[in-house]
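Listed next: structures, encoded as structure tokens.
One chain, subunit A, links the two complexes that follow: it is found with subunit B in the first and with subunit C in the second.
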Partner chain A sequence: MIRLRTLQGPALTLSLLALLWVIVLVMLLALKPSVFSLGTMTSIIQFSTILALVSLGQALVIMAGGAGIDLSVGGIVSLSAIVAMLFVKLGLPPVLLPAACILIGTFLGALNGILVTKLTLLPLIATLGTFFIYSGLALALTGGAAQSGVPTWLLGWGRGTLAGIPLTFLTIALPAFAITGIVLVWTAWGRWIYAMGFNERSARLVGIPVDRARLILYAASGALGGAAALVSVAWLGSARANIGQNLELESLTAAMLGGIAITGGRGGVGGVLAAVILLVTLRTGLLQLNVNTVWQVGIVGTLLIFVLLADRLSQHWR
Partner chain B sequence: MMNGVLTRNGREWSLLAACIVAIIVFSVASPYFATSGNAATLLRNSVELLLVGLGMTLLLAMGGIDVSVGIVMGLAAIGVGRALGADLPVGVTALAGPVIGAGLGLVTAAVVVLGRVPAIVGTLGLLGVYRTAIFVLLGGQWLSGLPTGLTDVLAATFLGIPVAAFLIALAYLAVWLALRRTPYGLHLLAIGNSEEKARLSGIPVVRVRFATFIVSGALTGLAATFYVANYRNVEMTIGTTLALDAIAAVVLGGTSILGGKCSLLGTVLGVLLLRILQNGLLLVGVPSLWQPVLTGGLLIGVLMLEVAAGRLSFPQTGWVRK
Partner chain C sequence: MTAPFLAARGIAKRFGALTALSGVDLDINAGEVLALLGDNGAGKSTFIKILAGAHAQSSGELLVEGAPVSFASPKDAASSGIATIFQELALSENLSIAENVFLGRELKRSVLGIPFLKRGEMRKRVDALLTELDAHISDPEAPVGSLSGGQRQAVAICRALNLNAKLVIMDEPTAALAVAETRKVLSLTRRLAERGCAVVLISHNISDVFEVADRMVVFRRGRKVAERLRADTNPEEIVSLITGAHPDVRALERTN
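Right after this comes the complex of A and B.
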């Protein structure tokens, strides 16, 4: 415990998350040892991919400050999947489905960015509005029906594994986290994001193009949502209007749990990935223990509140 | 003089005009719109949104927000429904709504005000918790076919006017008096303008914010009483889009989402306009699935217009003090 106390920032977050993860695993092991198989691990990571991508976008938007938040992430995932599939049905070559998903997501994210930066709308209201527009459109365009017709080669990628690890995780989620981590730590761009999140006025005064950077970050969050849509389509074999349900809550929880400060300017991507894996392990464990899925959203909500309260308390003690 | 009234209450007049235009357009477009039956449906559908909207007006004017109001109404409605089903006295049944609502408002206040958590994130977390609570309490089954006890009392007339109308007028009057005729109202608007300045000038910021979340909860609970009386069932998806509807109606009514400025009359007209649009579009054949798209679009559209008119400019600063 003394060692814990000397840890700081990201290292502290990561060790706490690892500790929590071990606790969850031990509890699961005690309650139901049969949970531990390669298959379970694979499905945990499979489930993680979508949440990881969305949480990464959420984390970036929050980190950049300016009361940044993206409540529309779930809507972006649903709508990009649906619209991309509808395009394919209208005659778009299926080869372009992946690109379509990501491009549509980027477009929807950029719309958020324009509302927030060019029109200076408060992010929480702007993205609350677009959340209902995007998820409403996904439902209204399809009447709630799943859109099938995903090419088989895409299913091979979406369901394939390498050494027990899903291909989607290896080829999209990991690179996205790695690239974002490198950008945040080693490039001027990354420093800008921290700077504008930490103190926006100073960031503007030293000449950082805050609005442009923020617009790009909302677009990036959209692009990651589009990538998550692609993963869902390739995995499930159809585009579903409800695939993004509760993602705003889950991604916020993952970001907060991963050590991103809601006020911006603090946190890293490693914690977010660890938090996503912790959340999904918890969810899979509950599923294995036959706990009704309606408990999941409540547990995630409780976690979010506790993390925020704990963050306040820790600042109080510091 | 007239000119002064027009500019001072420009928002209310233009909302009234928009309501009238919408009524005329839909009356022409659909033979079912301008019927007394539809008018009654429209008013009935507006009641719970109006009550929730009054609470949301106070919250937004204070610089707060609550996205869990729809589900809070659902939880209170379950309480009211259970009380109604158990044949408790009508007074107890009717009060169950506001009491449960105020209790849940207390929880929200504890998390957001005492925990110093941004309201949007805190209430989103509570939304998740409450959604599970609704599923667990209902156990996968709707409350339906509830007795008519509450409905009869609210529909009974006094001096030719339904009791329900008296209650709603009373709620409106109480909120108006609190906001415009008491120190509490001034404090609330001061906090909405600048929490920092309000604190420095000695306003009991924590107490006022705490009270406002409880008042909003109680109004939401009252909405639940009306909901149960009107529909006599509680479904699993109750209140899903109520928070969005309320925020859209209140912003439409001229309340600033940055706080410090609000209009209760604007909220009433905003609620009416929103419900007229939703009802009318349904009648001319737009599927109800499009409603969230319309409401979200309306919300953002109004804000864009306000920005364009230079009436609204958001400071690009962070959430809360660091």
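Right after this comes the complex of A and C.
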């Protein structure tokens, strides 16, 4: 019985998201059946891959508490893509492009972590600052021009599909979620993240290396941003300075929708992935129905408030 | 009588010009519940912070099982077998009982350097501890957030036992508890002593202290003013020692 009750939070979020997803699909089916095709599904998942990777990092940072938030994720995606491509232009062997994207992302994320843990800046402010720095730098380095020159073997990976599912989703996003899920649920590290997210003082008292863990999680968020940059480069065939635009707010929305408590210490990665797919499906559907972008944003906002309300009410009833 | 588990000799603590403690001699024995009593600011909290490694004494020495020790941090104290249960308990409400008991020192099996939890084994250990303490908590997987104040004390005590603590310091364990819960925690305290632990209990509640303590030590204005066995004293005497109305205390304070 007690076990059931503890599962109520995540299970409730997941079932709510699934229900909403079905509603979106049914509405789409009623309004425009032609939308349903393998191509649409492929493109939904393709779009989801980037947001999913970034949202996963966002979720980890928020879960670890200490008012954790990473507003710079969009900037990290743009800047990692740009800098990695510039390195290739400067003579870095193209084989190393994937590693470069992820390493640069990790470095940028670790910088956030240092600001937050070593210099004890408020995460909201520190990452707002680095968001402007990273995205500004991405623009300044390129003057806004897309950087082409992606090797063709990378394009094959970025645009390839297996049974209609993009390879990038299968080889990066899915493993990243699986590994994170396993770490959170089955390892001591996972327990530490939940403990420090919920009650930092007690985590410190029992000797959990809170600052080190938090630094690593910001770096992980950066690494996932770098992976998202890699996916964008491989998919679009060029590095674009504006590729990360709006990702900070979208990833935040996905994390909240997915049941991550903004105060830390609660939530799981399954909900985040479900929320990402719901968000992208909704957006694609609205696009297909020619709904004005302004309304799209409004609908996502309403959805967010609705889900948070449901979660809050369920806690009251308990 | 065997040697005390912990002996304090001439412990003093000064914060700048303020003397918080001076010349405290105290023996703490295994298997005994020792109550520290005193008004606010009498020095008992400072004293247990020295025992717990949170403060260093200005002078005097601590002997654990006869060997002098110096604690630079609570970790040092813990490795000497001293565990403190803080007033605010330091539990994570979103984790289960078993996870809290093992938090920071999980049982794990390392696969490629990744510390996977041994959930079954941790669960079994906690189950055994809870049964031993007769804590009436059936499911070690229940989240701590769903427990009552007394049950949380039991979890904190489990945690201390799991660290192989030989001295458990409890700071006002019954302060925020209802009557039935208080009884439970007091019987847990007793059981802890019967298990061979030394227990130091801080409390303002005289009747609680008389129910559970073997020996009482009264602090007043940074000094130990009295030490009584429960059999040799009564609540009135203890209260007069705390307030300073007792002739012994008056005599002591006149000489200074």
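Here is the rule we use: the second predicted complex is superposed on the first by the 284 of 318 C-alpha atoms of A that agree within 3 Å, B and C clash if a C-alpha of one lies under 4 Å from a C-alpha of the other, contacts with A are read in each partner's own complex, and residues count from 1 in each chain.
Quick note on the criterion: contacts are C-beta pairs under 8 Å (C-beta built on N, C-alpha and C of every residue); 3 or more make two chains touch, one makes a residue touch a chain.
Bear in mind the structure is a predicted one, so any value in this text is a computation, not a measurement.
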Message: Contact-wise, after the overlay, does A:Ser202 reach subunit B, subunit C, both or neither (first, second, both, neither)?
response: second
- prompt: So, A:Tyr194: does it touch subunit B (first), subunit C (second), both, or neither?
  reply: second
Task: Counting touched residues of subunit A, say whether subunit B or subunit C comes out ahead.
output: B
Message: On the A-aligned overlay, A:Leu249 touches which partner chain: subunit B = first, subunit C = second, or both, or neither?
response: first
- request: State whether A:Phe47 touches subunit B only (first), subunit C only (second), both chains, or neither.
  value: neither
Message: Just checking: does A:Thr263 make contact with subunit B only, subunit C only, both, or neither of them? Give me first, second, both or neither.
response: first
Message: Quick one: is A:Val297 in contact with subunit B, with subunit C, with both, or with neither? Answer first, second, both or neither.
response: first
- request: Could you look at A:Phe177 and tell me whether it touches subunit B, subunit C, both or neither (first, second, both, neither)?
  value: neither
Query: First (subunit B), second (subunit C), both or neither: which does A:Val210 touch?
result: first
Message: With the touch criterion stated at the top, can you tell me which subunit A residues are shared between the subunit B interface and the subunit C interface?
response: 201
- line: Per the touch rule, the subunit C residues reaching subunit A in their complex are 74-75, 86, 88-96, 99, 103-106, 108, 114-117, 139, 141-143, 146
Query: Which part of subunit B faces subunit A closely enough to touch in the complex?
result: 65, 67, 111, 115-118, 120-122, 124-133, 135-136, 241, 244, 247, 251, 257-258, 287, 289-293, 295-297, 299-300, 303-304, 307, 313-314, 316-320, 322
Task: State the interface residues of subunit A toward subunit B in the complex, per the touch definition above.
output: 65-67, 69, 71, 115, 119-122, 124-126, 128-133, 135-137, 139-140, 143-144, 200-201, 210, 246, 248-249, 252-253, 256, 262-264, 292, 294-302, 304-305, 308-309, 312
Message: Using the touch definition from the top, list the residues of subunit A that touch subunit C in their complex.
response: 2-3, 5-6, 183, 186-189, 191-192, 194-195, 197-199, 201-203, 205-208, 265-266
